[in-house]
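Going in written order, the chains are labelled A, B, C and D, and every chain counts its residues from 1.
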Amino acid sequence: MSKPTTVVFHYPTDKTEMPEGPYAIAGVLVETNAGWRSVRPIIADDKCVQCDKCWLICPDGAIDRIEKSYTVDYDFCKGCGLCACECPTKAIRMIGEGEAE
Amino acid sequence: MLEIRWHGRGGQGGFTAARLLGMAASLYKNYYVQAFPSFGPERRGAPVLGFTRIDDKPIHDHSKVYSCDYVVVLDESLMKVVAAWEGLKPDGVMLINSARDPASFQAAPHHRVYTVDADGIVQAVLKQPVTNTAMFGALVAVSGLVSLEAALRAVELTLPPEICEPNKQVVATTYDLLKGQAVPA
Amino acid sequence: MSSEAAPERRFISGNEAVAWGVRLCRPQVIAAYPITPQTTAVEKLAEFIEKHELECEYVNVESEHSAMAAVMGAAMLGCRTFTASSSQGLLYMCEMLHYVSGSRFPIVMMNANRTVAAPWNIYGDHRDSMAMRDAGWIQLYVENVQEALDMMIQAYKMAEHPQVQTPVMVCLDGFVLTHTYEVISIPTQQEVDGWLPPYSPSENVLDLNAPKSLCISVSPEWQTEFRFQQQEAMEAAKAIIPIVDTEFAACFGRGHGGLIEEYRCDDAEYVLVAMGSVVGTSRLVVDQLRDEGLKVGLVKVRFFRPFPKQEFAALAARVKGVGVIDREVSFGYEGALYTEVKAALVSGAGNPVTINFVAGLSGRDITKENIATMYRKVIASAGGETEPEMQFAGLRWEPW
Amino acid sequence: MVKLHDLPEQELLYGHKACPGCAATIIARLILKVTGERTFLAYPASCLSTVTSIYPQMAFSVPSFTSPFAATGAVLSGMAAAVKAKKMQNVTVLGIAGDGGTADIGLQSLSGAVERGHKILYVCYDNEAYMNTGIQRSSLTPFGAATTTSPAVGCAGSIGEKKFKKNLFEIMMAHRIAYCATANPAYLPDFLNKVEKAKNTDGPSFLHVFAPCPTGWGFPSDQTLAIGRLAVETGLWFLAEYENGKARLTMMPRQFKPVQAYLGGQKRFKHLTEQEWAIIAAQRDREWAEMKDKWGRPSKNQVKG
């Protein structure tokens, strides 16, 4: 897994701290997308056949593939449900955020 | 400051003649020079103008040329269709590519008029009707503005190498033809 | 013909001088689209490249918008770049001009000043570049062919200055400068290499080893701060411009001045203000009127942006009358240069009379007689005679 | 051939603000997995710029640039010229633009870039309208689709968009481009192989990628790829490629599903009646007949539906 993580961004407090022109360091995240979600995917490892499909098609790249197992990065999952819909073995189901609490 | 106007038709190299004179003057006595064409889209055959300004001081003037010390006409047929005499100073010189006698052109009393059969000369040497270098050589002779050497060097520095030699020959020929006729400026 | 040993004296056109100036700065990418009267400049550069006299990528784009977009693409990767345009082409580029200045890329371009249709006309006035006043570019206007060449070289130095990082547009009057041949001195490559080092881009560049996102979106919370930077850069340029010219003069033996150049203004009571090629003609008229005993002077505005506000404020205290020649008009108000000059004069002490002369539109000649008339009108107005504040010089039915 | 399992873990597009289920971001993220870190990316004003690059949250990890709407092709040309001038090796100059930025306002610039032969990879993600500005009609909006500027308002003849979308693939072929293809993220191996081919092309390459948009088209966010599959199965999106001067279909369904299977699942088409379905099916049949006639049958190693 190699991806950006959120950082505490130091906003310029003085003109000398401004970048010279409207550019920014690539891959810098200052906030997560967790608040967008009302449902979340749950992966049932026993049903998973490690086909990579969920990892490949997630629009947010929010499914981490480590070795042969998959975990959801709930900081960035928006709960679109595409992984659950596309999973060939129905190993992923969507549950309400309330249910997850 | 001396101002020279060149009359030609698009494609005859009138502006090149204006540049040749400027180049020669800049080489000859480090004169300050300016050359510019009649601005705008060039159309082959249409009457066009070229201008040369020569001075021993820097030339700041960027307005048009309104009065001329010399007018050179590269194509005799233009005499009927353009105002070739316009702006020629009272003691100015008119030089026309023509086999006719200078007296056959109606001039004001103080104008000095010269003719040279540039068509005949270039037909023999260049095998094509491009009279700009012939008229340049003739002007150098009648004006005495620059030396023949400077004129020939200007041809070398301005024209493509493959056409330099015949054009230098043309310049030298018209220069020699008119040298004897020149009245000191 | 080119000599490495000593500066070369050459008899060339304004456009060729621009090409030589650019060539000596060793740009790495050039993109351009043809338009009269700019074309002979970029044709010459294409020829230099084809002859391997200049190592550079030439991109034959399909529009002016793309020309500026392409050089911006190259500037993003840290290349020194060049493009040129004129008139309709400059206006077609308009969006890109703002994009480049806002992105802070030190691109240099030449504009062959030409009017803007309609009516159609290919000849010179300042309508095109004046319309780009607020595009965020440093805008300078040259008077002659030598200055055209020299300012191309200075332009890169200014644009790339760490405190400036702002694109520069060098404006030449169409035809009257672009197509006029004058004898000029071309510096050697060695001299220019010594004076202008290779472009070393700031942090604002795409780098595989230090990835950044450029020209990003900025929310209202931060846009003002980035705009403030652009204004600060322009203010910094005011100080840097004369320094660059002084350094240039020390190296090449000739300079052209700062934001303005004053001609015989020391004790002048009446001055004309002008930009571009008409400045040269006006010098002759000043000399002529001085011979008549009139205390006249001339202010050449070299930089329209940043604008020489302090210089005009200082002038206000010294003179009785100021005439401004505008080669365009902002319909419904007055000439754009006049508006700027008048506003700057007000910020100084003194209260000279001012008259705006709209002249030289679309290639109409501004004669020495026209200029002398302008001086006489300024003098008359300062003496209490009534003159319209804004006048079209030499209307056909109102002979001057 | 791309081995899907071997694609790198590294996320070069991450933390963006796109709507849930956005195909454009599936496409961009996967393309970057193929082109890798040594990519210079330009994207014009579009959903993609709005959701990835608002100071200071930067979702792309490759060097990237928000290009002018009308000039992505020209910006890429300049970048490619700079890569050449700086003698950089092994880099991809990539542009990703929407259908409006490609087929409408950006078409001239793209045409110039392709004609000049720069080594660039240009991707059009086609969500069939101007989504970023609120779902206005583009020249790639399909017949019958309701958008905010081709609305279906319920009166007679108000069927939404009244023209069929223009054929971008053929426009690119007419440039004699080095490589171009159509693709669809619902057909992952086909899509990613085309990306890899495009990346390795010595010259300009172009991909026209189908990008279902849950928000603009009106379908649930988990249906993005299902809709993508239906588009192909009903014959309303074709998969083809053009290389070495020859075009071919890379997939041909043996039999098309009825068009309403695709149209019925989307709000933008819900006003259509059997009459319009028939028009759409007839147009589909005409176009397929032409394609088969011009480009022949898919080669034997290709997928057959």
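Everything below uses one rule, namely that contacts are C-beta pairs under 8 Å (C-beta built on N, C-alpha and C of every residue); 3 or more make two chains touch, one makes a residue touch a chain.
Note that the coordinates shown come from a computational prediction; the quantities given were computed from them, not determined experimentally.
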What is the minimum number of touch steps required to go from subunit A to subunit B? 2
Could you compare the number of C-beta pairs in contact for B-C with that for A-C and name the larger? B-C
Which chain has its C-alpha centre closest to the mean of all protein C-alpha atoms shown? C
For subunit B versus subunit C, what separation do you get between their C-alpha means, in angstrom? 34
Centre to centre, by mean C-alpha position, how many angstrom separate subunit A and subunit C? 52
Could you work out how far the Cα centre of subunit B sits from that of subunit D, in whole Å? 64
As a quick test, compute the distance in whole Å between the mean CA positions of subunit A and subunit D. 24
Where subunit C touches two or more other chains at once, by residue number: 211-216, 218
Can you pull out the residues of subunit D that are in contact with at least two other chains? 53, 55, 58, 60-64
Among all residues of subunit B, which ones touch two or more of the remaining chains? none
Using the contact rule from the top, write out all pairs of chains that touch. A-C, A-D, B-C, C-D
Residues of subunit C touching subunit B in the complex: 1, 9, 11, 36-37, 122-123, 143-144, 173, 175-177, 179-183, 277-278, 280-281, 283-284, 363, 365-368
Subunit C residues touching subunit A in their complex are 102-104, 162, 165, 202-204, 210-216, 218, 225-226, 228-229, 232
Of subunit C, residues touching subunit D in the complex: 28-29, 31, 56-57, 59-63, 65-67, 69-79, 81, 95-96, 99, 206-208, 211-219, 222
Write out the stretch or stretches of subunit D touching subunit A in their complex. 4-5, 7-11, 13-18, 20-23, 25-26, 29-30, 53, 55-64, 185, 188, 214, 220-226
Name, in rising order, each residue of subunit A that touches subunit C in their complex. 12, 15, 18-27
